[in-house]
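Labels for the chains are A, B, C and D, by order of writing; each one numbers its residues from 1.
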Amino acid sequence: MTGMERIVYRPARDEFAYTFGGFMPVAHVRSGDVLQVVTEDCFGGLVRGPADLPSQVCRMPYLNPVSGPFFVEDAEPGDTLAVHLISIEPRRNWGVSATFPHFGALTSTAHTTLQPPLEDRLWVYEVDTTAGIVRYRATASDHSVDLPLEPMIGTVGVAPGGFEARSTIVPDTHGGNLDTPHLRAGATLYLGVNMHGAMLALGDAHARQGEGEACGVGVEIATTTTLAVEVIKGVPTVWPRIETDHQIMSIGAARPLEDAYRIAHRDLVAWTAALTGLDELDAYQLVSQAARAPIGNVCDPNYTVVAAVDRQFLPSPTTPYRGVHDRLRQLAADHR
Amino acid sequence: MTGMERIVYRPARDEFAYTFGGFMPVAHVRSGDVLQVVTEDCFGGLVRGPADLPSQVCRMPYLNPVSGPFFVEDAEPGDTLAVHLISIEPRRNWGVSATFPHFGALTSTAHTTLQPPLEDRLWVYEVDTTAGIVRYRATASDHSVDLPLEPMIGTVGVAPGGFEARSTIVPDTHGGNLDTPHLRAGATLYLGVNMHGAMLALGDAHARQGEGEACGVGVEIATTTTLAVEVIKGVPTVWPRIETDHQIMSIGAARPLEDAYRIAHRDLVAWTAALTGLDELDAYQLVSQAARAPIGNVCDPNYTVVAAVDRQFLPSPTTPYRGVHDRLRQLAADHR
Amino acid sequence: MTGMERIVYRPARDEFAYTFGGFMPVAHVRSGDVLQVVTEDCFGGLVRGPADLPSQVCRMPYLNPVSGPFFVEDAEPGDTLAVHLISIEPRRNWGVSATFPHFGALTSTAHTTLQPPLEDRLWVYEVDTTAGIVRYRATASDHSVDLPLEPMIGTVGVAPGGFEARSTIVPDTHGGNLDTPHLRAGATLYLGVNMHGAMLALGDAHARQGEGEACGVGVEIATTTTLAVEVIKGVPTVWPRIETDHQIMSIGAARPLEDAYRIAHRDLVAWTAALTGLDELDAYQLVSQAARAPIGNVCDPNYTVVAAVDRQFLPSPTTPYRGVHDRLRQLAADHR
Amino acid sequence: MTGMERIVYRPARDEFAYTFGGFMPVAHVRSGDVLQVVTEDCFGGLVRGPADLPSQVCRMPYLNPVSGPFFVEDAEPGDTLAVHLISIEPRRNWGVSATFPHFGALTSTAHTTLQPPLEDRLWVYEVDTTAGIVRYRATASDHSVDLPLEPMIGTVGVAPGGFEARSTIVPDTHGGNLDTPHLRAGATLYLGVNMHGAMLALGDAHARQGEGEACGVGVEIATTTTLAVEVIKGVPTVWPRIETDHQIMSIGAARPLEDAYRIAHRDLVAWTAALTGLDELDAYQLVSQAARAPIGNVCDPNYTVVAAVDRQFLPSPTTPYRGVHDRLRQLAADHR
């Protein structure tokens, strides 16, 4: 954490990446550096009003652009990259959501059934950072509702390694399109490093989303996201993990959804056992009674589930990952 | 709600039911009656200490006994039965949990793989109703942790109709083994009536459980559960629904888990549209951004997911089901 | 097999059963008896032409009627009931298939998505027993095609035990709506007996079906089905099994489909090991290279997969189930 | 098909590819060229006897090597690449199969449960090309069985496009680890071209496998595979398709397994409608009664199902893909 630098990165329209792995780094950063990254929304900023239907203005594979990748010096396979989310600030006073043909939890796909898609429709939300709300407006009647503004990063990950390059639409062990509301300011995300330099990238922020992102699209926004990176040498991480001041969380990504649940809980059991000295079955029992299981997404190529347990429910709430998360408090204070 | 009566029911050891449908009623009740029902734990009270391994002392199909069924007068197919949960009081100062061979989310089954089961083990919890905690004790080390006491009914339902009798292990449209922490005091459960008399039964309470009931077993307890029943004539209900002072919730039960999620959300979208006058896609959008999706169980023959939305996020928070839930506040006040 | 009797059973319109379990026996039979059973089609014979859309003329739960149940003397829990399928003869010179709203593999359900159903349509097939063909006729153009007549029993099972009564739509350990083309004349079906008298019932024959019954409906026919029953004392059977002159087969029923596959193969591995003396992993290896896995249905509440291995690929092709299947050849000869 | 050339390609140990996409082409070929490609087995030839346990001698990501990719001139996105499988000849007189820790259909994974893996074991098969058999030998007893030699290509595909590079372990729209016995000599495989040059690669042949490849590993062999490539300009293909003299087949790859089934059948319905002039529902009906659904694998990251219909059951059995498959007969004759 010495020689900490503040790096600002704002990609031009054609500088985004569309896979984890395969894209060349846009900048080099060092462990401890603070990055201020401009992220575009999942539609590349092309959807700006009710007439801009995503199915018409977007073109595959130019969906879900991420900013990066950033080459993290000294990050090697077998290490863990800690990503401290310091702040996620909307860049516009609006966000969009939509139905996208044959995408989302409450529709079948064009590949699996003979049914036509639901109607394409767009919702434009007001984003009021002062009031801390996003305003939903119905399209077919004149109802409106204020919902809490809870900005989150939908897509963040590293290169998957093994010569692979995965679409930014996909969540997996390398992170990616995790789409969980728990990736918000105050959270430290741990990702296993799979190749030299880690190759961190992020994008696809939401002003908020429901659990599971039922319609397939959150309240999509562009942001300025401030984060710090830190390399934890010699500590491997298999599935993405999150730490906050109050909770530890494991993320599973798979189909069917129960496998995402299982992965997250199996990892949380191992983590709990490692932290507390409980044997594996005792940890299984504790997690079974104490954990929560917020669903991330039920629409992406892999579904995501978070398994979360309050630190106060752990017998010896030692700090995981060598106290790395504790530094986020100072970083957040410095940021304000 | 006239002629309200207080009925106390305590089944003898051989008076429990093991299916919804197929068992004869143990008592007749009327809309508005308050019932005080003694429920046994899922092991029939046979598991009382570390030596009583469920796999040895329990015998199929005598698992998950329910108290009832109660014949509800004037309940007919096409009506809804509202079950007001007034209080759920543990009857003993302990509860049990266990690993059960090849049962639970983090084990495969004996039918699907060649792997041996995990070790059979039992955990005995202290239940302290005064302090409002349950005490977890590790079995292989001397750790212990206090968790909040949050009593809930695991299994509650009506006869499924269609000549069927379903094991009490199974959750489905008729209710059954829903295993969600949201079935606690203060909640009104709505169940569609499928046959003359509805045939309500309940049991399998937990002092608490994590979301998904990962190991397959909550902190299992016997209770005295106080509830009121109310028939809502001419209002059909397909999937179980819950109403509290602050939320409306739909429950889905299915495999794979994403279908439970879909069912719960598809029903919540319809309910939201009916309550608010939003058209279906507008309701879908609102639910997508505003709903939470707490997982019930990932171990029973059908998995369960709850879709929940805060009433404050509904544009016109009219009272669903004709204000029926509002009566629970008075019932709870009377009970105290 | 002494005192063999030939019993003819033809139910009246209101004498069908709609669950396995819960219905009273229509006749008593003894081990060795030959039964000639008239079965109605899955629509109860109400669909007779293009105007009779199943969604309009059928009414739940009066779908998928079965003939029976037959009380089999001396059949007790822990025994196996062998059902020798001697012949399955169509009773009419036509059969019907249909799309049924939100039912079938290539449509979503009304519970899980917001999409409208596919169009309701009916297909009437000619059934020509002399030529051994069924004639498909397109409805929107004038194409027709002859397909082989391959009569099969879609639904056959025993009472599930455990106080349960399961809809005839459901396949599970007790048999039921297995919907596999392998339940044809020449096959012996083995079912575990779960309660005193077994309570055998059958119906829902198809003139033929594709693997998986994609549209949810085969070429539905009424039949006269001739079968012999035989009680194998003291031999338990967990999942339904089939034996023919050339193959042994295990049937799995579950969701998701991979669990049906796993169940069928896990059972076939155990059966193979028991028959041949191979250890379990050696049997697993042999089954992995030698077995076929014809899909039964991908539309019912549980999906079905058959795991089949040729007897010639078993190292010691001893006769399973004590040579019981061998008697079917004689029964078939007597029948002709 | 002018200027046809015969190209022989034999990769050195370090010249294999491990993803589709991301690897540079090893040779340029033209439409009509015949390629003789040496393929290594899925273990890279490192497993040669009972002591060479794959879990010990293999190292990720160096599993499932493919030979190629071959740049096919004039193949552009929107075209289809036809791959005529002329012959698949084993290069050694043995093949191997194995259990691999936590891999295969009858085991859970290390990510999803707490159960230990099954025992690691290896089976060495004799491959007798003259007799046309592979000989299974039990490891724990002295049984042996001869099974038919039915050589097939397990992994064949093109670059997925969209900047992606997918592990050769994965089957998807681009082909890849399809693992179906139907990819044998006499079959033409159609793959949609996703990027300039298509980038065809293949490997992972099996002397035979059961449907679903239950233990996760076929009888793995190295081969000399002779194939011809042909570019069909302006004809797009979404999911892999196969044509033989007697059948047309569509392949679906997904989890859960029912989605692989749905994808294959939805594609076959569309193909059938396009070939015959039937409307979509008429084609759905025909496929529902006439198709078979052989399972490919139930162990890879995506499961695979083939939907197959006999040409004789199509009302107008026009030659699909412009008669391209017909050329395979001549190619096969030339090869002999």
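Worth pointing out:
To be clear about the criterion, a residue touches a chain if its C-beta (ideal position, glycine included) is under 8 Å from a C-beta of that chain, and two chains touch if they have at least 3 such contacts.
None of these values were measured; they are calculated from a predicted model.
Considering the contact criterion stated above, the chains in touch with subunit A and with subunit C alike are B, D. When the interfaces B-D and A-D are ranked by how many C-beta pairs touch across them, A-D comes first.
Averaging C-alpha coordinates per chain places the centre of subunit A 35 Å away from that of subunit D.
With centres taken as mean Cα positions, subunit D sits 33 Å from subunit C. For the pair subunit B and subunit D, the distance between mean C-alpha positions equals 48 Å.
Among the residues of subunit B, those touching two or more other chains are numbered 106, 112-114, 118, 255-256, 262, 266, 269, 281, 284. On subunit C, the positions that touch subunit A within their shared complex are 106-108, 112-118, 256. Taken together, the subunit A residues at the contact with subunit B in this complex read 97, 99, 104-106, 118-119, 121, 123, 134, 136, 138-141, 143-145, 147, 208-219, 255-258, 261-262, 265-266, 269, 276-279, 281-282, 284-295, 298, 303, 305, 313-316. Note for the complex: subunit B touches subunit C at residues 18-19, 21-23, 60-61, 111-114, 161-167, 238-239, 252, 254-256, 259, 262-263, 266-267, 269, 280-281, 284.
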